[in-house]
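Input: a single structure, listed below in structure tokens.
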Amino acid sequence: SSGPEDNTLVVGMELSYPPFEMSDENNEPAGVSVDLAKELGKHLGRPVRIENIAFAGLISSLKTGKIDLIISSMTATEERAQSIDFSTPYLETGLCLLVSKQSDINSIVDADKSGNAIAVKQGTTGHLYAIDHVKHATVLPLEKETSAVVEVTQGKADAFIYDQMSTFRNWKRHPDTTRPILKPFKTEHWAIGIRKGNQELVNSVNAFLTKFKADGGFEELGDRYLSEEKKAFKELGYPFLF
Amino acid sequence: MNLSLKNVSKRYGEFSALKGLNLELDSSRCLTLIGPSGGGKSTTLRLIAGLEKADSGQISLNGQLLANDERKLLEYRKSIGVVFQAYNLFPHLDALTNITLPLEKVHGFNKTAAQSRANELLDRLQLSEHSHKKPSELSGGQNQRVAIARALAHDPALLLFDEPTSALDPNMSAEVLDVIEELIQDGTDCIVVTHQMSFAKRVSDSIAFITNGEVAEYGSSSDIFDTPNTPELRNFLEQELKY
Amino acid sequence: MKGLLIQEGDQPNQPTRNLGVVLSFALALSFLCLLAFAAFASLDYNWNWSSVYKYRTKFIEGWLVTVGVSAAALITSCLIGGISALATRSRFLPLRYLFKIYVEVTRGTPLLVQMLMIFYVFADAIHLENRYIVGILILSLFSGAYVSEIFRAGIESVGSSQLLSAKSIGFTPYQTFRYVVFPQALRRSLPALAGQFANLIKDSSLLSIIAISEFTLNAQEVNTSTLSAFESFFPLAIGYLILTLPIFHLSRRLEKQLAFDS
Amino acid sequence: MKGLLIQEGDQPNQPTRNLGVVLSFALALSFLCLLAFAAFASLDYNWNWSSVYKYRTKFIEGWLVTVGVSAAALITSCLIGGISALATRSRFLPLRYLFKIYVEVTRGTPLLVQMLMIFYVFADAIHLENRYIVGILILSLFSGAYVSEIFRAGIESVGSSQLLSAKSIGFTPYQTFRYVVFPQALRRSLPALAGQFANLIKDSSLLSIIAISEFTLNAQEVNTSTLSAFESFFPLAIGYLILTLPIFHLSRRLEKQLAFDS
Amino acid sequence: MNLSLKNVSKRYGEFSALKGLNLELDSSRCLTLIGPSGGGKSTTLRLIAGLEKADSGQISLNGQLLANDERKLLEYRKSIGVVFQAYNLFPHLDALTNITLPLEKVHGFNKTAAQSRANELLDRLQLSEHSHKKPSELSGGQNQRVAIARALAHDPALLLFDEPTSALDPNMSAEVLDVIEELIQDGTDCIVVTHQMSFAKRVSDSIAFITNGEVAEYGSSSDIFDTPNTPELRNFLEQELKY
């Protein structure tokens, strides 16, 4: 971690959410968040080190000072905001559904019927949504996104609540067996997590985000990593993420 | 008993313990095996008991070839009683249970019958006080007596004893000898390995001298002791007299 | 001070020794507690216990699932382990190698992989849909391989003179196993077996990856929900200790009861 | 067909028997492969192997981390286990109970909890920052408790007549341990020990939660990156088998070498 | 040797194996312990060997009280040689190593010296052929001979033998007896438990009759055999004669 004499900016993220956080073929951190972190480092004039930490451990690591920032596609929720600070949001996305190709489900209301099973990924906002809002169907909290998709393809789960971009990508991966319902039923915002009592850093991060957006940095990242999605979303008429 | 061993051999890995052993007894009540240590007496006894298989050769008892088939061997083994040289009691069971277990599980005694039979024998062998001790808590002679009691308990038709009195004082040896003699009188056959020539003389009617994996000489008790033919046997018996 | 040392010939129930045991235990425990206390004191962390308390039913429900699943898997794994231990010693070689491969591959690969493969591939192929049943089965198969090896080692530790003796009294192979080999093997296997049972209970936490909401998953969910780093690990540790300590204790008592000197 | 059955008295190196072994092994293996093939064939899944190949360096790097960490932890855990096994038999009772509590609590609680507690609380308190060192330490402490119990069981399986005999020839307690107890205990402990080593290697996957990018984590990341459910589990299973099978094999060979009949 | 046991008692759990045993020998080269099985002979031997501790009473040898301190006991044990009734060889070591191990590790022999010493003894006891077998691969008498060789190998000042020839044929027994007699001639003291009265008569100058955890009678060889005082001893010896 960063001592007073070492001004490295340590950024924590879980490298398992492509194309935002991932490793490239050479096992180096890569993706939208990594580029964003590097840009931020440039802006602050500090070298950047990426720490790959399980999503569930990110907040603990931040609170115990093992990292300085979280840039890990983290949704700024009220609960999280009680224990850490967030920058201004840099991305908007929404929860949507992936269903089986034969399924006649067309909305979250269709899915939430007794006798149905709804898969979610543990600890995601989809999971939190399901805990609060799914009343009739059984919730299947799965550890892995890929398991949730397989549950849908095998008919073990009737729907999988996840974010738009991933749902789109999973459908592309299994076009014969799945169908996406990309219309979001709940929107949410991603932001950078910062340890409490660090207002100075919050301010400079916010300043960076504003400048980066204005300079078209996000547009460029979208073109670099998400061109297919960008095109598809435009065709479907949904607002794109950034 | 009518016992015949024809050209019996037994190897352990590279080592030949029995090298074509021959023995032919027409009718004997009690056979004693004598011979130098390592000669193959215990091995012969294990083969006759059907506990190990000979590598070649034939063993037959009372005209019956020793079965090769496990099921028949099992029946055969039920009809014999064995005392091993190292006693081989079950270390996790106390003296009493060591005796009652086979009675109950193999010979169909009920629990009380098995216990009363066991206690009768333990009494006779002066072990009543120690019936609830495990083998590791018994003295050498006590272990040996429990092993003897276990072998006798189900009134076997054939008794195989491997040095049954080696750890017993003369008093106790005499007692065991009395028991064995009674059993022989009642029609039980027996084969005994022993180093005590007095024992051999007293109970057995025939004697085989086993040395170097072979029977060097065998015959009736008196023949063997009075007119030994082979120099090995003569030498063997001389030492006994000297000492 | 003298009570804290035991002499070779000491009888286990002398009063000074009993006092010594209690004192020593207290000493050791307080040392460890002090250590833990010091470490936690040096931690700059904002504890939030009320939210953990709020979620108590979630803990209890998860714990009960863990208890149920583990208990079922424990019994099944003993069965599988016993059969496998015998099968790996079978005279019919294909059977022997079948089980040997099972034992080695199962012990050699992560439970995670087995869990996902069996649930999504094998169970799916035979249309076994109930995740609890499949979960118990997977756990039993995994643990059974370890139990099998533990039993094998126990069985092999029984001296050949015992087998000879059992044969000589007319025992069938089954009786030999039941009355001679098993009791002696069990005694020798107990410590490893107790460890494996504890492992099984803890390994059941991996069932969360096929969406069985057991104890660890629920505890972690509480952590996520309340955004706490450590709080729910205390009930978690205690919940598992409630299950594992009695196993260790029982095993020790059985070990003493079945003790014999060879 | 006869070669597939072995008889009691069979010598291990008869040619028919060798043929039987190979045949039986092949039979068992092909049966299992067929089963797996059938199950996978019935699976309606869109395989994508090229992307797994693309990430091969990620697998290899993760595997190397796992090898390094496991090897270090294996040695340390044997040391800790050995010391602890002796300490739990120490005549100084507080020491004995200290280690007994260590063994039971460590075996009784999930590695996950220990990992997070030690890394974030204890290591932090003493400013031990290198996560690899802390990770190896945590793993060794965890596994050491199991090794300790395995050793204890082995030590206790040595009959008292052996100890008496060792004493009578003038051995010091150390020599008794070194030349009499240890060789016999080791022989009896080997199967359990091999199992525990395999466990340690697999348990090292939990180091991912303190951000050590070991094999399992990397494999899972490849799965997520390529949106694949199963593909990277094959290299994962093989990677672990490459480490664990030699351990089992070595243990079997040592078992045979050290075999003795009591 | 000068041996004194004063009121020595030993319990195993609830069971009193020795109940205040007394024995006072001024100068004896070889003491024989005789008595009925379970009387306490082996226990007495273990106590004299410093392998177990008496619950009460005092044991002294040549004027020296048996130490209570482990370090001194260790030195003492190095100077004795023990043959146990059940041999107690190390099952994981072959015959040769069973003998060389203590020579190398306790008595500072180098490897070659230890091996040549061991081979010399194995030769004398006719075991050269079997030196690489483990105890489980040896016959009863072979095991016993290895145990004897192990006890003799380091030329101990005091030999403690618990029925050293029980599994040996007369020939071999005579050989062992010769060895023991030679050693006594050379100044080694010995205490032997035996059931073979001829053995007792031949090698020992004093005899103690142990029964029921006590020494019922002791004295010089001739006294004991020719004029036994207690009825127990008389009865014990009568059986021996009869048989």
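Quick notes
We just call them A, B, C, D and E in the order they show up, numbering each chain from 1.
What we mean here is this: contacts are C-beta pairs under 8 Å (C-beta built on N, C-alpha and C of every residue); 3 or more make two chains touch, one makes a residue touch a chain.
In UniProt terms the chains read B, E = Amino acid ABC transporter ATP-binding protein; C, D = Amino acid ABC transporter permease.
Because the structure is a prediction, the values reported are computed rather than measured.
Note on connectivity: the fewest chain-to-chain touch steps from chain A to chain B number 2. Two chain pairs are in question, A-C and A-D; the one with more C-beta pairs in contact is A-D.
Ranking all chains by how far their C-alpha centres lie from the centre of chain B, first place goes to A.
Chain E has its Cα centroid 28 Å from the Cα centroid of chain B.
Put simply, the C-alpha centre of chain C and that of chain D have 15 angstrom between them.
Once the centre of each chain is set as its mean CA position, chain A and chain D turn out to be 37 Å apart. Centre-to-centre, using mean CA coordinates, chain D is 47 Å away from chain E. With touch defined as above, residues shared between interfaces to two or more other chains in chain A number as follows: 56, 60, 64, 144, 147, 150, 154. Contact with two or more other chains is made by residues 43, 116, 120, 124, 159-161, 229-230, 261-262 of chain C.
Shared interface positions of chain E, defined as residues touching 2 or more other chains, are 86, 136. Note for the complex: chain D touches chain E at residues 161-162, 164-172, 175, 179-180, 183-184, 187, 258, 260-262. On chain C, the positions that touch chain A within their shared complex are 43-46, 116, 120, 124, 129, 208-211, 213, 217, 220-221, 223-227, 229-230.
By the touch criterion given at the top, residues 12, 15, 34-38, 42, 85-86, 126, 130, 133, 137-142, 144-145, 162-163, 166-174, 177, 195, 197-198, 202, 235-236, 239-240, 242-243 of chain E touch chain B in their complex.
On the side of chain E, the complex with chain D involves touching residues 46, 49, 51, 74, 77-78, 80, 82, 84, 86, 88-92, 101-102, 105-107, 134, 136, 150.
If you check the complex, the residues on chain D that touch chain C are 3-7, 20-21, 23-25, 27-29, 31-32, 38-40, 42-43, 91-98, 100-102, 104-105, 107-113, 116-117, 120-122, 124-125, 146, 149-150, 152-153, 157, 159-161, 188, 190-192, 194-195, 198-199, 202, 205, 216, 229-230, 233, 236-237, 240-241, 244-245, 248, 261-262.
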